[in-house]
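One chain, chain A, links the two complexes that follow: it is found with chain B in the first and with chain C in the second.
Up next is the complex of A and B:
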């Protein structure tokens, strides 16, 4: 076969391109754009990029299955650096300038509240995928008609953790506790929420000392020695990411973990992998764990993620995956993309997903999810890192959440 | 405020030993960083706002070296020496061009270096945090002295930092180079007129300052998380140390670093919600009584 390109070939190719151009343009115009903004730089960028990784996998899966309403999807990613004003500006720009018809708000709580107000004014469908602050959807004054949450909720975790820790503390006769949490709104509010429920289940619980290190504090030595001096039987901590890793490494050289039991809800795969000498026996919640729920579907997803990105998924990864699964089902049901139609479809919707404790997750009428996997177990220094995982009782969680909502006058 | 707990601690040998060790380790690592800041200011009258970058890079270089060689000693040496070299390059390429110019120009150059290297660290090592992990030799149970807890790793770190303080002190007061550096701190032009190569001298000062910050970063790497921008928090405290100790005084830097370490160690028992505030109150009190700092010369 001759490799010579003749003038006739070039003309034919050119004509073909011209004829094909409108089709290509139409296909591009027909693409459904979904806006996503998150923390893609800074100290906790790892969580933002793990959200993006999960969404990229979902985009491939959905497009391979024909897209949404016959249109291929394209997720547009923006970095807000976690700053509320920036997040709000980006959300508005994604809809008004970049032509996005749906939103994924993959921000932490501080920025999600800002995005919520933008969504309220735009009337576009939005799913918050990472904000855990309960009031975002629990408080009817803050809840927005077309905004939903697919993420853990603080009050759910607090109830589940308190029930588990109360049983653990009673079995081990651990009455004197210390707390050590970051000194900002999340650390203080969530510690208070945990202690409120914890004391409800274990009335003889006594908090004998509290430590409030600064977020990103390089040295925890004085905090660790203070905890050792107070001689509590157990420690509850909400430190996370690099701070938790530094605390464990510094605590190890004081043999802190041999002197008191330790409990934390914030151990995620990247932290587990980064801590070089993870002590055994820390009571820990499962943010995301390949072995909980212990199902082939969950394991398959965890391994597919690892194979594609050469790192383990985080809690934020599964939450973003489920958000896309909810959009997929809601769009099929509503056969539309507008905010109101999708809101009606999403409310009360139940989907099959590997991340549900019974293989399903439900979007409740108050725009937040229930039935996702919450478990507590204890750490071991090698994979699977957390073993003896006990699943939380969702019946009890909802019962106490309802009481809490009444106390807060949300219902 | 929990004065009862503080009183109980001060009357218990276990608590005094544990909190003093805790204060010493915080103070000594701070001293290593602050010594460079004060040395550079003393001789060159440059406030090196990029000093935290040396601390951060020292930690990262040590982290990578440990991964390659599996030797903590080599990792620490690599962290310190690479930052000494970086100090020379930084001084020759950038700082030497702004000697005697507006302080805002110096600040701008230092801040640009901070931002550039924070981003470079993100590109090379990634935006997420890293933990070096404790070297095998130090994975041992802590020592118990008079009932107090003393980790062997921290005891070694305090020893190394104390040794460096002595070498630095003796080097500045006993050696010819040290005397020249002190003379340059008083009048650099006169030293130059006497035939001393001040260009080389200034580069050496930056090498020592940068090397000490790199050493601190490398020594602390097994217990502190490494993340882009980590130098900033250390920089603020090292400036406090420099101001309290007296701008340009190595002995002052040592005394004030230990003072801050001990205020942190015992402050966290008596004033758990106000430990950071306590440091600033100590600084204000000292500056009211001695505006030139503990060991500073009256201006």
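Up next is the complex of A and C:
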């Protein structure tokens, strides 16, 4: 046989290599894809973009350290617009056609419940990073074997907030309270939950008026005048994001903050940035604060985020970061990527992270995190914006959470 | 009549062949993405085609058709969660419930002329949507019905399995579309088209206009409810967005994209809309912008739906 390479051979070889190219490329790249879905457009796109920013930083960090199981990772981002039906479709699509082997569900509550059902049927590992609705993991009927939550949980915040506010109200002799929360399930349920615990710690508490503005309401005049006319000693509000900054800005015009004490658990850096004159002395929880926990690691992460994105991180940013840290540890421990193995590794896992109140966060057996930083302090108009932060007592939080779970017949 | 019967047999044969192809595909090549697409298309096709019974056949533009889709989904999901009924019984009862709801809403709406009819259907949809949002103890409010659907087996099929759900949805959709086709081709369907073309003349012929319209509205509502049942199966729950007005808008888009004068137009429109949505969602976050441009191209460029456009082009060529 002659060793002459004919034109035909070249053509055949060329065609064969062209056909094989994608498979070869895939085998060489061998990238591990992680699906992330969230609200990336519309009025609360901040939920998704600040989550995505944090995940992009984590991707760089993890890849620089060698990836997961020796494979570089690539996070695939999808916008669900917060619609549950679309969220369910995207979760399936990420796994079934985009080849994602792990999921980060950065959806708000209702869509995360839709994703939960998809995860249940696909058996893939999923971490919910933004849904704070307690029942997602607390209710054994809703909890899914391979789905976990790395985020604040409504009931934890309610217990911690109520204990702090009860002490504050007793010290300042504030008995007559008003509430002002968004008029939908989150606002109504969570206000009721806060009040339930609040009354438990301060039985002489009296709620003299309630205001329920609509989500995204541009003009709060009627709400503000109603609150001022009722003459409460203090106001509790669950307004958040753009609604909260609009409320504070408009409340300033009516000198609302001089007429009553105000408490809110929902102050985040972007809200602070959008408020023109932040009144001093608002009792506020820390959703994310560079100075709480006051450790070099936390400050360093906050500064790195600010440097990269030219804006400050949100509560959602740290939650997504911690989710990747949990994946990292669990994959190392399980030495596998399948849902069951990772679920076994994640249950009960404790990791070192800057966002834990004692430098660690634990994934409890009921698939939700504990030990993350919850603190309450008071606002000042300039950096660091919230001072005198008191850390919540996790022993007390878990004790009351267990009581609440029994009431709900979850345990 | 004979011609009718013959075309009826032909359509049944076409439906059987289409169903056979769809059912055979997974045995040749399993593609979860394709199967998900068909499941969603089944639901959307029934929804859009039932709307076209009103828009294309009767000339009644309903902006509130999504309420029946949402009601079907909620009725079915609630029955699955709260009762011990088997899946087929719950599905049938959900369709029945939606049909009765459509009869009640229709009784008030159908006597109104076109613009007012469109407005009042939209108003009813907003009413139903508000009830779903406010009745938290039953519907879960804006969080939707959570906790999944239990007992999803039906005659040995486990609908929690994607393949079985795919097969079930394909069969239900083809049978549903065939039924709608028969209704549309029947003398009753002819009467509806007569009303659309000239209602005064139809009235003079002795047809009681409001009764025929009410029937059409009720039947369309029932089939939209069936679409809602499939949607609830796909998302394992029910969410207020299913009953919200943008969902009605989706059905209207599907009808306009596919063509109002062809029976399969809305099915094609639904397929285009879903495929576009999936493709665009992969590439950009500006989905609304891209979809809007595509719809503008269809509206200004083709000036009718795809199937209608092709039919007109075809008949011009053959002349």
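In the analysis below, the second predicted complex is superposed on the first by the 383 of 411 C-alpha atoms of A that agree within 3 Å, B and C clash if a C-alpha of one lies under 4 Å from a C-alpha of the other, contacts with A are read in each partner's own complex, and residues count from 1 in each chain.
One rule holds for everything that comes next: contacts are C-beta pairs under 8 Å (C-beta built on N, C-alpha and C of every residue); 3 or more make two chains touch, one makes a residue touch a chain.
As the structure is a computational prediction, the values presented were derived from the model and not from experiment.
With chain A as the common reference, the superposed partners chain B and chain C fit together side by side. Of the two partner chains placed around the shared chain by superposition, chain B is the only one that A:223 touches, whereas chain C remains out of contact. By the touch criterion defined above, A:84 reaches chain C but does not reach chain B.
Touch criterion not met for A:281: it reaches neither chain B nor chain C. Touch criterion met: A:41 reaches chain B and chain C at once. When the two structures are aligned on the shared chain, A:114 is found in touch with chain C, with no touch to chain B.
In the superposition on chain A, A:184 contacts chain C only, with no contact to chain B. Within the superposed three-chain model, A:97 lies in touch with chain C and out of touch with chain B [touch as defined at top].
Contact with chain B, but none with chain C, is seen for A:210 once the two complexes are overlaid on the shared chain. In the superposition on chain A, A:245 contacts chain B only, with no contact to chain C. Chain B and chain C never share a C-alpha pair closer than 7 Å once the two structures are laid over each other.
When the two complexes are superposed on chain A, the residues of chain A that touch both chain B and chain C are 41. Residue ranges on chain A touching chain C, taken from their complex, read 40-41, 78-79, 81, 83-86, 88-90, 92-93, 95-98, 109-110, 113-114, 116-118, 120-121, 133, 135, 139, 141-142, 184-185, 188.
Contact residues of chain B toward chain A in the complex are 9, 14-15, 18-19, 21-23, 25-26, 29, 122, 127-134, 138-139, 141-142, 149, 151-154, 220, 222-225, 227-230, 233-234, 264-265, 267-269, 272-273, 275-276.
Only residues 41-43, 45-46, 49, 209-212, 214, 216-219, 221-226, 228-229, 241-243, 245-246, 249-250, 252-255, 270, 274-277 of chain A touch chain B when the two sit together in their complex. Those residues of chain C lying in contact with chain A across their complex are 31-33, 36, 40, 133, 136, 140-144, 146-148, 160, 162, 231, 234-237, 239, 241-242, 278, 281-282, 285-288.
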